[in-house]
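Structures are listed in the sections that come next.
Consider the two complexes below, in which chain A is the common component and chain B and chain C are the respective partners.
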Partner chain A sequence: MNLRRTAAMSRKEFTQILRDPRSLVIAVFLPLIQILLLGYGARLDANHIPVYVLDQEGSQSSQALLKAFQASPYFDVINAVNNYHALVRAIDADQCKLGIVIPWNFSERLDDAGRTSVQALVDGTDNNSAQLAEGYAQVVVATYARNVQLDWFARHGLSQQATSPLSVDYRTWFNEDLESKNFMIPATVALVMALMGALLSSLTIAREWERGTMEQLISTPVTALEIMVGKLVPYLFVGLIDAVLCVVFAVGWFAVPFRGSLGAFFFITTLFLVVILGIGYMISVATRSQLGASQYALLVTLLPTTMLSGFAFPIDQMPAPIRAFTYIVYSRYYVTALKRIFLSGAAINDLIPEIVALTIYAVVIGFFATRAFRKNLQ
Partner chain B sequence: MIVKEFLQLRRDRYARFLLIVPPIVQMLIYGYAATFEVNHVQIAVIDFDHSQESRDLLSRFAFTGRFEVAKILANEQELKSLIGRSDIPIALKIEPGFAELLRKGQTAHLQVIVDGTNSNTALIAVGYVNQIANQFSQDYARYRLNQQTPAMATTVPQISLEQRPWYNPDLNSQWFFVPGVIGSITLILVVNLTAFAIVREREIGTLEQVMVTPIRPFELILGKTIPFFIVGLADVVLVAVVGTLWFQVPFRGNVLVLLLGVVLFLLSTLGVGLLISTLSSTQQQAFASSFFFLNPAFTLSGFAFPITSMPKAMRIITYADPLRYFLIILRGTFLKGVGLEVLWPQMLALALLTSVLLLVSVARFRKTLD
Partner chain C sequence: MNGVPSIVVDKLVKRFGGFIAVNQVSFEIRSGEIFGLLGPNGSGKSTTIRMLCGLLTPSSGCASVVGFDVARQAEEVRQHIGYMSQKFSLYNDLTAIENLQFFGGLYGVKGRALDERIAWALRMAGLAGSEQLLTGELSGGWKQRLALGCAVLHHPKVLFLDEATAGVDPLSRRQFWELIHQMSREGVTILVTTHYMDEAEYCNRLALIEEGRIVEIGTPTEIKQTSIKGDLLLIECSPLGGGLAAIKQAPGVLEASVFGAALHVVVSAGRQPLTELPAFLAARDVRVDRIELISPSLEDAFVSLTGSRALSGESFQ
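Then we have the complex of A and B:
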């Protein structure tokens, strides 16, 4: 590999990027828009869950329970209906996710038998929100029930029984407030990097084929490896600038903690960019058309990065064959590393497995990309 | 014109591949990988008390099926490094003296250390921990009362929450995602195809050739879009059949209602595709623009992230997203089995959005032809 020729190749590619204002816009604005959109849009927290209530009893205690629902920050009691049918219609029409029904004999059963129940009709369509809503509803009812019990103990002179046998103390690590933005946004950085890398690099070679300038390049003495390195170095720079933009936004705008080392972040980001640029390059070498290149690029970068990297869906909950498959999804390592750098303050020596995996990937991809290119020339 | 367009699609190797393989692969991957269920969460336990009570509490965790006791630890250091390396998301710790406090009628403590990195899984898991701890607490209180004043024990007031998840009683993730995948695959496919096909003709210069023939602009647009409409329809059917049969998702509604939604939605995606084609002069631009549209359309549709959890400004933007309405129609017909009496606002909104999109894009398209 001749450094001078490679540098010349890079310079040419740089000039080409700078001369095309549109590609610059893509390189800067696309990541910004992505991080803003996903930062605000990709949240899983269930707050302000819309609730309808049906109070068939209308007593003081039933009203007190409903007030407890109203006071919870997780629920918005938006309507009180007076018949079951109206509640069913509201859930059917997506007007509420949770319907609380207090039966007509709620307090009567509590006084007579000491046991009573409330119904929670949950729209199970979105199983995740439904599960969170159920959890929060449990807490509201349990707290209310606890107060009723305390009252009862006091009235029956059993105050010594009033202490609760068990209390649970939670210590949450890394994402103390359990906010979904804190794990979605670092993963979004990975998504943006994957996209930008694939998008930019997949089109470079295909463009040269389509315009016929590839023949000119081939007639010069540059080698396959030099073309690849020369073409990709400028995009590596663009990618690193995007990475800085992403981190600035994640920390400055969305207040995601960044606890790890910047060195580790840049090191692993560079590795990831090499892998993704290599993949994009390989695709564009193999397909020779911009349409094909862009479609394949989306297919091998966007889909695995959103679905199989642990971006939003936890890998340990997937069926075993899919879980095994995720080990060959390169973004999996990057997403894991990013989450740990941002939230648990990981340094380079905490990320050895991820670094090794990405390095192997980079070498293999580089090898195949140069080979594919040589073959394509013949 | 339509025949020509079809012939071209059939000849194009990539196009043929893109029409059949990715939709099915996506359906299968999404169906299996997209899960928000929380089962078999690995937990580590550390019991310094070694009493009957502490063992009773810990064994309740193994019984639920939600948790799997993966490690039994002897000291705190191990626990710290396990959680620190994100090897295990939850650890339970019981201090010495746990049983003694219980027996004395005081409050004993269960310490739960949670790796909050994935806040969603952590929240759901914490919900389960709460339920188990609460049940233990109730049971022990009754037992205590029963020993002291047996007469009163049965009358301690208890209030329970009976939960009835509708439409998806087992809270199965696949039932939620499979109908959604039908919508998102269709969106990506049709918008990309339409935008690219037209831009490519312009780039190659064959669009000019077509224009010098006596064909009228309106006929040209129809001829260009009808094949994509039919392809889109075929793909919806393909993906829907594969998805419902493979993952056994119920279809409870009316096929005709769904069909109406599909037609409206396909028309809106054609509108978007046409619009993108008028905005871009090269395939690269078309690619970037379609991406600019597709990604937000996907994120803001409610496909995976609940719209009610978004900030207000984002929620307002979602009303301009055709996929948002189509997803409600899909889930409404598949899972809820509701008909037009419930879905008419979505149909109406989709029809309006489609008309606006088609009017604007056709007007712009005609202008680019002149």
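Then we have the complex of A and C:
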């Protein structure tokens, strides 16, 4: 490989990126938009769920329970109605997501130490939100019930310890507040890298064919390897700049913790970019058309990175065959590594499996990519 | 230096599936010679040049350029050649000087040598002072001379020009050919393809090519002399179509075809056509306005050799 020729190739490619509005958009604005959209939009936790209540009793006890809902950051009690139909209508009209019904004999049955229940009507049109609302509601009610129970025991002269032989205290590590943004945003970095890298690199060879510059290019002594390396180096550079951009946004704007080593982050990001750029390059060689290439690039990178990498759906909860399949999805290793670097403070030596997997990918794809392009018009 | 073959082509064949684009083509080009491949579109000219540049692999036969086999030593061949492809193929989104720097880098020209060559190329292309213009904003003649500059930055021994002047105005074409002749004088071997007759006249030697086969090789003068077996007449008559049909029946007429608004007619040497033919045509209701003996052009030669009129067309692939 001749360095001078490779450098000439890189310099030309870099100049073209800077002059091509479409490449600039993909390189700079797409990552920004992605991280902002996903940072704000793709949250799996719900806050301020609108709630209507129907308090059929209106006692001190029922009001205490409703206050507990009011105090929860997950709920906003926005209205109280006085009949069941009004509650149902409110849910139908999408004025609230959750309706709480407290029965007329609520406090009476509580005082009798009997069992009682409150009814929750949940709008199930959005399954995810419905489950969250239901779950949060149970937590609020359970907390209230425990307080009532303790109160009852106290009034009957029983000690707490005697009645609660075992209690489980949860402590969540790495994402203490269980905020979904903290694991969504690091994974978004993988999405940005995959999309940006594959889209840009998928255009490079196709563009030469479409603009009719390829024939002239391959009539010169530049080798196929020099063309590949020369073309991809600028995109690797752009990718690393985007990576910095992502970290700055994640930490500075979304307040996601970054606890691991920056060295590990850049090392594994470089590996991932090599894989992605190699894939995009091979697609570009194979399709020879910019439109076709960009569509294939989206298919081959975006789809597995969103669906099968653990980005949106936890790998542990996938059916076994699909879970097995994720082991060949290169983004899975990067997403895992990103989450661990951001949240659990992983350094390079904590990420050996991911690094090994991505290195194998980089070598295999590099091997095929160098052979993909022939300096020939056939 | 002259006399040493720089390009040797021996029974070169290129098949695309069942289609034979180049069929048993053989020729030799001496160093410093300007050699033209003349033929209609689709006759195999570009395919031949692409094989010689190592861009297409020959199906059979062999060819060498400055001693290197085009199939097995394509990279060595590329060190020594410059190539201008049919379509303009520099980067429109780079400036003139960026294109030159890029190709200079690919050809391994460096340092002061590169600066000097770039300065030369800009002067040659008439772009000195305009080197920061985007190439896409340049007009046809400028672009084409810039492309030539890019192709010869490394002082190639052989220059391949595939329809290099297509779509360029006549003045720019003439300037371009002056540059080609100058390079030829400096010892560069030049292979051009063209379907412009006037350009073919600029070549030292020509190969007429049709349907992948070479039908004649020689200097333009040789080709014109040997291809016409008889005397060539120009006849202006009306109606033109009726005249053509009639004259094919006339005694002593070997060939007849329409050239522009007149007929070119080949008759056996030694007859008296100037007196016989007007009478023959008049008897068939064709009025002769003008008849004279002319010297054959390359186009006449081509038509006579191939029976094809396709060459005079300006159609592109």
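Annotations for the structure displayed:
One rule holds for everything that comes next: the second predicted complex is superposed on the first by the 342 of 378 C-alpha atoms of A that agree within 3 Å, B and C clash if a C-alpha of one lies under 4 Å from a C-alpha of the other, contacts with A are read in each partner's own complex, and residues count from 1 in each chain.
Here is the rule we use: contacts are C-beta pairs under 8 Å (C-beta built on N, C-alpha and C of every residue); 3 or more make two chains touch, one makes a residue touch a chain.
These numbers come from a predicted model, not from an experiment.
Annotation for the three-chain superposition on chain A: chain B and chain C fit side by side.
Legend: residue contacts after superposition of the two complexes on their common chain; A:Ser59 is shown touching neither chain B nor chain C. With chain A as the common frame, chain A serves as the apex of an angle whose CA-centre rays point to chain B and chain C; its value is 100 degrees, to a multiple of 10. When both complexes are overlaid on chain A, the residue A:Arg4 reaches chain C alone and has no touch with chain B. When the two complexes are overlaid on their common chain A, residue A:Thr15 makes contact with chain C while staying clear of chain B. Residue contacts after overlaying the shared chain place A:Asn105 against neither chain B nor chain C. In the overlay built on the shared chain, the residue A:Asn79 is in contact with neither chain B nor chain C. Once the two complexes are overlaid on the shared chain, A:Gly212 sits against chain C while remaining clear of chain B.
Judged by the number of chain A residues each one touches, B leads among chain B and chain C. In the superposition on chain A, A:Val118 makes contact with chain B only, while chain C stays out of contact range. After overlaying the two complexes on the shared chain, residue contacts for A:Thr223 are found with chain C alone; chain B is out of touch. In the superposition on chain A, A:Arg340 makes contact with chain B only, not with chain C.
Superposition on chain A leaves chain B and chain C with their closest Cα atoms 14 Å from each other.
Those residues of chain A that touch chain B in the shared complex are 22-23, 26, 30, 33-34, 37-38, 40-50, 65, 89, 91-94, 97, 110, 114-132, 134-139, 141-142, 144-145, 148-149, 152, 156, 158, 160-161, 163-180, 182-183, 195, 199, 203, 207, 287, 289-292, 294-295, 299, 303, 307-308, 312-314, 316-319, 322, 339-340, 343-344, 350. Per the touch definition, chain C reaches chain A in the complex via residues 50, 53-57, 74-75, 78-79, 81, 83-85, 87-94, 98, 101-108, 110, 147, 150-151.
Chain B makes touch with chain A in their complex at residues 14, 18, 22, 26, 29-30, 32-39, 42, 57, 83-86, 102, 105-124, 126-131, 133-134, 136-137, 140-141, 144-145, 148-149, 152, 154-169, 171-173, 175-176, 192, 196, 200, 283-285, 287-288, 291-292, 295-296, 299-300, 304-306, 308-311, 313-314, 328, 331-332, 335-336, 338, 342. Chain contact summary for the complex, chain A toward chain C: residues 2, 4-5, 7-9, 11-12, 15-16, 19-20, 211-223, 375-378.
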